[in-house]
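Note that the chains are named A, B and C in the order they appear, and that numbering of residues resets to 1 at the start of each chain.
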Amino acid sequence: MNVSVGDVVLPGDSCQEIATIGEKSKVILGPGLRKEVNGIFITKAGTLRKRAPNTFWVDNYQKRYIPSRGENVIGIVTQKAGDIFRVDVGGSCSASLSYLSFEGATKKNRPKVVIGDVVYAKMLVASKDMEPEIVCVDSHGKKGRLGVLEDGFVFKCSLNLIRKILNPECPLLNSLKNEWPFELAAGMNGRIWIKANTMRETIALGNAILASEYHSNDEIKSMCSNIASILAGHIS
Amino acid sequence: MVSENTDLKDFKLRPMKCECNYLSKSDGSAILSQGHTVSLVSVNGPLDVKMQSQSIEKATLEVLFSSKGGKPTVGDRYKEHVIRQTCETAILGSLYPRTGITVTIQELEDQGGFLACCINCSCLALLNAGLAMRHTFAAVSCAIDESGNIQLDPARDQLDTARANMTFVFDSREKSLVTGFTEGSYSEDAYSEAVERCRAASHLVFAFYKEIVSKYSNVIG
Amino acid sequence: MADIYKLIHPVKYFNDYISREVRPDGREFHEQRNIKLNVNSIKSADASAVVKCGNTTVVCGIKLELATPKAEEPDFGFVVTNIELPPLCSSKYRPGPPSDNAQVTSNLVSDIIINSKCIDLKDLCIASDKLAWVLYCDMVCMDNDGSLVDACLIALMASLKTLTLPTVTYDSETEEIAVDTSVRSKLNVHGLPVATSFAMNTQEQRNIILADPSSYEEDMCGGLGANLIICYNKGFICGSQKFGGSNLSTECERKAHKIAKERAQIVEEVINVCLKNYENDTNNQ
């Protein structure tokens, strides 16, 4: 079945539109699209999207993380093996993190990381045939926002929810940050780390994020102010 | 994510109802009822698998079937085999080398056309898990009665009187036969006619898939 | 040279053969392997047969036992088929409990026997709800070189055709069983189901079916065992199973049916000739 941008697509559908553009200029095929001998085919179920000039992808529902280069993820250190740490990022195989890939780390000055720590890191190497490698520094050797996350609370959610709350158009985080102070790190692997001043606030924050998955922007706004007034004790 | 299709008038198959993401902890799941036949499928993967069953070329697909009684039988192994072969042609396993994908099927109610229901439910669960697939697949069952009439998507009582019953699985691209599974004896002509009838009816199943996916895509997107 | 090529480019090696319209073992696409059959070679079994289709070797033995019928089906006897795939037959199998493949093959064969209705289970009943025959049909594969179901079914049918049942008298009052092994009656076998396996491959948009595939061909066509099994009995199809492999076009399907039908006649002839020879031999002795 032939489909075009904006349609709901299923695996096996072909997209003539992309193939035609591809004949004249360069096209970037994102997740859910695949080039075969006789055309461009869909491999995932969802909505076909386009970003100018010629980037196409399928917005699909997914829970399981497949490592992909350059994404920020939240991982849990599971093992210390010589010079590297094994970090569980939720993929099919654990990622490796070298002890040298922390800000200011040298052979003498080892970073303080123990098993069970939560790290916010960037995917450096991610390929289907190799073990993924993550780092806690950028290319200038600065840590930026990466590194070990102290305290706080980690929970899992679907990959779509992460993309949704990180979308600049999503009002969730903007509304919540005006209500009470908190820290938040969202990993593209479907994990969110949050830290607020009190337990009540942390739970309220976590629930607000999970509840926003199936809500529209307006609903999210009203939900946020509702939660804030409950927290402030106006409504019980 | 609940969808109902109770429009019986122009529906040649029994009404289908489905809920995707029924289980919260698995990567993809679906519960599907076709008439009174109900099955539940959960998909997990790509996961780590033990060294000896790893394949360097493609994902290892594992299908587990548990019947209502709970006791594993030779027939269950056979169903697993049929479903695994069907899923294997559809999944682009080469994108996930050295990993494993597990499909677990639980029988909830068997009132005829159970294998077809399991296969359709597996397809929905795979779509829900977001695994890359070459095509979707739809299973349609039919029964041939003593006088040679073909009855699509038979219920339990129709199956009991039938001389043959068949289940066919078609892919969404060329609508060609992926899996065929027959019981009873019949002539070649009856067979070809049954395949054609089921092939035509598979459109309804594909349309149903699209409806389900569009319902939840709209909510998420 | 060819061996190295086969190791480095396994798929291309196979496809090169197919694109030249020939199979790796020199056969044509529709050609089947030679069948060798021998009946009653195991004297300790009530009936037996050894079959060789190319390299695939299967031994079948049938043992008779008496049992009480199931309460829900008091007039029916039992046919229990079991296929064993020991490590002897292929490096794919490990010792231990029956592998998935063995269970699937067992199920396929027993389905064919049930669906073809070649054995009327009522014939096996001696006294309703009291006594019935159980036919334990054990098949052991000695060498698995593809098309296992075909070979198993030939061995099983040849054994069933030679099977004779001793006369049993059952006294319903005293519940006494008397077995007279000197007077034997033949088991009624209706028709002769013959299965034909195919492996399917797609090349350059062309569907190809390979009749009676070897295990190498089955592996290359991406299936656990054959992709398509069609079973004919007295001109009617009594089972058509397709699993995995490339998708089947209508045209190929028609071709497969034609080949299967022709093969059914050939195999039937083989079995009948073998049985006739066997009968002549026993009469001469």
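Heads up, the rule we're going with is that a contact is a pair of C-beta atoms (placed from the backbone, for glycine too) under 8 Å apart; a residue touches a chain by one contact, two chains touch by 3 or more.
Chains and their UniProt names: A = Exosome complex component RRP40; B = Exosome complex component RRP46; C = Ribosomal RNA-processing protein 43.
Just so it is clear, the structure is predicted and the values come from calculations on it, not from any experiment.
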Starting from the defined contact criterion, work out which chains touch chain B and chain C both, please. none
With centres defined from CA atoms, tell me which chain sits nearest the overall protein centre. B
Could you put a whole-Å number on the gap between the CA centroids of chain B and chain C? 28
Between chain A and chain C, the Cα-mean centres are separated in Å by 54
How far is the middle of chain A from the middle of chain B, if each middle is the mean of its Cα atoms, in Å? 32
Please output the residue numbers of chain B that touch at least 2 other chains, ranges allowed. 171
What residues in chain A touch two or more of the other chains? none
Give the residues of chain C touching no fewer than two other chains, as numbers and ranges. none
Give the list of chain B residues in touch with chain C in this complex. 74-75, 77-78, 80-82, 85-86, 88-89, 164, 171, 174, 176-188, 191-192, 195
What residues on chain B touch chain A, complex-wise? 21, 27-28, 44-48, 90, 92, 95-100, 127-136, 171-173, 206, 209-210, 213-214, 216-217, 219-221
Chain B-touching residues of chain A, taken from the complex the two chains share: 1, 8, 10-13, 32, 34, 41, 43-47, 59-64, 66, 91-93, 128-129, 160, 164, 213-214
Listed in rising order, the residues of chain C that touch chain B in the complex are 100, 103-104, 106-108, 111, 115-117, 222-224, 228, 233, 235-245, 247-250, 253-254, 257
